[in-house]
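Here chain A shows up in two complexes: once beside chain B, once beside chain C.
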Partner chain A sequence: MKSSAELPLLARPAWIGPRGTAILLLTAASIAAWFLLDLTPRALIPHAGGIEVAKRFFAGALQPAFEYESEVPPGTRPILVTVLEYARRTVVFATAGMSLALVLGIVLGFFASSAWWRGEHIGGASRTGRFLARTIWPFVWLCTRGLITFMRSVHELLWAVLFLAAFGLNTFGAVIAIAIPYAGTLAKIFSEMIDEAPRDSGLALRQIGSSPITVFAFGLLPRALPDMCAYAFYRFECAIRSSAVLGFFGFPTLGYGLAQAFENLHYHEVWTYLYALMALVIVVELWSGAVRARFVA
Partner chain B sequence: MKTGAVRHGFEDVRPLQAVPQLWKLRPRSRLVRFTLAALALLVVYAWCAGDIGFDEMFTARRAQNFERFVGTEIQPFELRAEPFSLMRHVEWAWDLGVARGFEGALATLAMSILAMTLAASAASLLLLFAARNVATRDPFQSLETAGARGLSWRLVTATTRAVLIFLRAIPEYIWAYVFLALFGPSAWPAILALALHNAGILGKLGAETVENLEPRSLSALRQLGATRAKIVVAGLFPLSLSRYLLYVFYRFETCVREATVLGMLGIVSLGYWIQESRSRQFYDQMVFFVLLGAVIVFAADLFSTFVRARLRRA
Partner chain C sequence: MTLSRKQPSTSVSCADPDAWTRVVAGSAAFELHSASVRYDARAALLEASLVVDPGESVALVGPSGAGKTTLLRLLNASLTPSAGSVCVDYKNLAQLSPVELRAVRARIGFVHQDPSLVPNLRVSQNVIAGALGRASFFGSARAMLWPRRTDLERAARILTRVGIGDKLFQRTDRLSGGERQRVAIARALFQDPSALLADEPVSSVDPARARDTVALLCELSRERGLTLVVSIHDIALAREFFPRLVGLRAGRIVFDERTQDVEAGALTDLYALAGLERVETAREIER
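What follows is the complex of A and B.
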């Protein structure tokens, strides 16, 4: 008979693991938040006016407007053309913002990643190379990290608000407002992907004396590129949503038309805009999903 | 050629030709090439279509606006006459924080925490109907992928997935805008908006996680005679919890970011004070609240990174 001493030695089970702690923490914080915000379930029951609004709002879901709900001056463009025009501009601002963000994000992502200068054999044999790798690049790395954290800590709508206050309403402001936080996010994720990509070819290049830039461009970047492309495409989808919401601040995108229809209580028109936005986002999501499946095999 | 050499596709390729040969054999996808071309065209179109007022940005009037904004407007109103003193600025910021900012920041955090809990709970139920290996007639019967799923089960997953995609296709800001009209001003519209959008995202990510689970232990449970509910509670949740929590805390970070902004609709979070100072053109206060927002987003980011690192090690 086997004695129990021969059983494999296991760590004693903890009462609550890290996951349990996380869940308990979240629950406790939620209860605290409930009291902090003075929430009552009763506030969830819409007031009488609210119910009326809700009825008319959800009735609109079944019949999105194909014509304006009120009298319009003759010669006004049909509503579908208006919606399409707003949708087109939504895509235009998202694309322009995203293209700027991509360029900025790649440059900042390069300086925010550490795999190409950190470690052994850095900077080759030359003295300047070692100096760069031991003092300059770490310093640049730290500054870039700080910069991209700040860029993405401020929401794109708040960037837009800041630009509105600083320059006045200008469509280029919308593009930059999208570009700045998105560049920060892309740079962060890109640098993480580069740092986490397999190092084999990078190390091989380093051992034959390549410069850090060569290690980056030919050793590390190609390994991370598929993931980077997939992520950039996902962010494009987010950019379209952001671009639509910027309309609430006066920029000519889908949110603008939506807010107008909502304020005029034209709920059928609201749903036309909502469906247009949904169609746009879903098309991009399915497309990016299909592309990602090819990229990240 | 020596006998016994390993035969492979490149045996008669001399080393110098190997690279071009490999280049020719690289994986190529028509969809990817089409996408890259289409996106490049789209970028060119976006910049050239004339919707972006690029020239209009750099006029003398705008330069003047900018100079006024940076030169005077963002400096604390009360301190503009005095010579610059860091201590007085800190004092000014602290007073503003105590008066409004810190409470708003706390409310922002509270809203995102509640929204996250709601979203995570709702999505953990929804994902059971969205995951194709669970929502089937005979879950975990074999170790291969689910076989025939039956029309009704396929309808269930399709509907759930449609609901999830609907939830996440609408931005939080628009959800909040709509709920505000229905429920009136309280924290609920913001919480519900954040919860719905994130439930759509977490449901999708969770369903993917469950579909990629190693089916062995689930199958074992099934063979022990466990019911569907038992399989879910005893096998599926514990197995996928780590990854799911990673996603939850990753979304928490984004949630705080969005919650800051939702206040601009008139819900008491930091955004409320941003909007309020903006409409009164107190840009000094507005910039302070924006920066305070950046600080709490940064704090949430650090917290979520810390928690995720701990969870990943576990």
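What follows is the complex of A and C.
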């Protein structure tokens, strides 16, 4: 044995370790991407006609339309009523899509998380419990992970185009188009939040003989719930934007009015719609902030 | 205290016949027979043998890493020994069916080192969670979300007994460390346990609270005739409150005596680093 005087010569860590290498590579990749796309500030300077359009567009920001910019037949609803109606339908589409996505997301998130069965085989679990934890649950977990990856790898607008081709301009198609990728994203994030939440309370329940599903529902889920709730609110905000964009495909949401105003070069009206969308997002943000404040208190 | 004579209900009896005469009705008996626990190659517990009679109070003492937590986890059936056997109420746990095993676990209250509560639930919910070991999923959901009046009243009585009766509907994360510890004890009592096991219950509270908590655990188990096994690193507290001390070091039980018979030397040895090295050397020589 060595005496304490002879300290072992420790290898000095390399000047640039694996982490430094990764950061350097990422930086190089982003610079390369800019070069490959030939992104230069010059591209932002519009041509002569473009400047005129840009001016008119941004002038609209200061003066959003409160009345139609062109003649409308008598008896047409005032523009503000139209905007409100589109805004209402935007929220309705987002809510319908999000409610379906939440249910699916929680169910899939349960099967895509592993905290409730992992470790079940370590001590004291029943033979059936150990069998399930070794074979069935890992298999279900893997399949669910694959499924939710597929669900969210296709964007909601792509789903919308697919459903449009399949079912035509169908309200249910639009709702499903939002619900599928959103459920996939919610399931992924929910499962990660559940797996990363502290496990001590779940373990305590398991030790007094609770079943895995009870452990999940009352030991693990409550620990992740505040984060899950905040994230669901953020996704609701995203759903409102997605639902508005669905209007570009002909669904009666803010995007529909926006697209029409754009086509007619009514830039003041464009801004009325954009401000309405912004107002919706701000309302959701305020609401979620209030709910989160209650969780933290 | 009632004296009764329990008959062993399985073919393999772990019971010491003399112990039967001291059985306290409704409280649990624990026995370890040369139980070892190995995590990978490392032994956390080596051939530990221990008999805890119903209604007895025992303190496990020893430095951290000595195997106290492992021993407690064996007793509450959340760990199975790699060798040897564990008996609870004279039944060998290895021979119990899953349902019987679940029933055994549901009757053993465990107070964790960190309270292991759900901070964003009410105190009442955390206490009622003590009964979830016995309930079905839907029964659990009902008890947690729409608790019965009787459950709430019982939770309130237990909380009053542990000194925080006014906190029933508080959010658990608003409580102080000492109060949370009491909620954890209340949850264990709500289980209607036959034994209380506590793993370093005082390591997360200040010294004054620590004394109160240990005193409370002892009082409660005396009142209810519960078997009490507590792991504790504070020798003074262990000596003051427990009639029997079990010393552990490096995964072995080094002494198991009545407190007044434990020599001061044995305790200093337990924590002395030099002693630890001697054990290591002895083991190397054995090989």
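Please note the rule applied: the second predicted complex is superposed on the first by the 257 of 297 C-alpha atoms of A that agree within 3 Å, B and C clash if a C-alpha of one lies under 4 Å from a C-alpha of the other, contacts with A are read in each partner's own complex, and residues count from 1 in each chain.
Here is the rule we go by: contacts are C-beta pairs under 8 Å (C-beta built on N, C-alpha and C of every residue); 3 or more make two chains touch, one makes a residue touch a chain.
Owing to the predicted nature of the structure, the values given are computational and were not obtained by experimental measurement.
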item	value
Combined model on chain A: chain C and chain B, fit or clash	clash
First, second, both or neither for A:Ala244, with chain B first and chain C second	first
First, second, both or neither for A:Leu62, with chain B first and chain C second	neither
Contacts of A:Pro222 with chain B and chain C, given as first, second, both or neither	second
Broader residue contact with chain A after superposition on the shared chain, chain B or chain C	B
Partner chain in contact with A:Gln207 - chain B first, chain C second, else both or neither	second
Touching partner for A:Ala11 - first (chain B), second (chain C), both, neither	neither
Chain B versus chain C as contact partner of A:His47, first or second or both or neither	first
Residues of chain A contacting chain B in one complex and chain C in the other	295
Chain A contact footprint on chain C (complex, rising order)	73, 76-80, 98-99, 101-106, 108-110, 112, 114, 116-121, 129-130, 132-135, 137, 140-141, 144, 187, 191
Chain C-touching residues of chain A, taken from the complex the two chains share	122-129, 200-201, 203-211, 213-214, 217-219, 222-223, 225-226, 295
Chain A-facing residues of chain B, complex	27, 29, 31-32, 35, 39, 42-43, 45-47, 49, 51-54, 56-57, 61-62, 65-66, 69-70, 73, 106-107, 109-111, 113-114, 116-117, 120, 165-166, 169-171, 173-174, 177-178, 181-184, 186-188, 191, 241-242, 245, 248-249, 257-258, 260-261, 264, 274, 278, 283, 286-287, 290, 293-295, 297-298, 301, 307, 310-311, 313-314
Interfacial residue positions of chain A with respect to chain B in the complex	17-19, 22-23, 26-27, 29-30, 32-34, 36-39, 43-44, 46-47, 50, 53-54, 57, 89, 91-93, 95-96, 99, 149-150, 153-155, 157-158, 161-162, 165-168, 170-173, 175, 233, 241-242, 244-245, 248, 252, 255, 258-259, 262, 274, 277-278, 281-282, 285, 287, 290-291, 294-295, 297
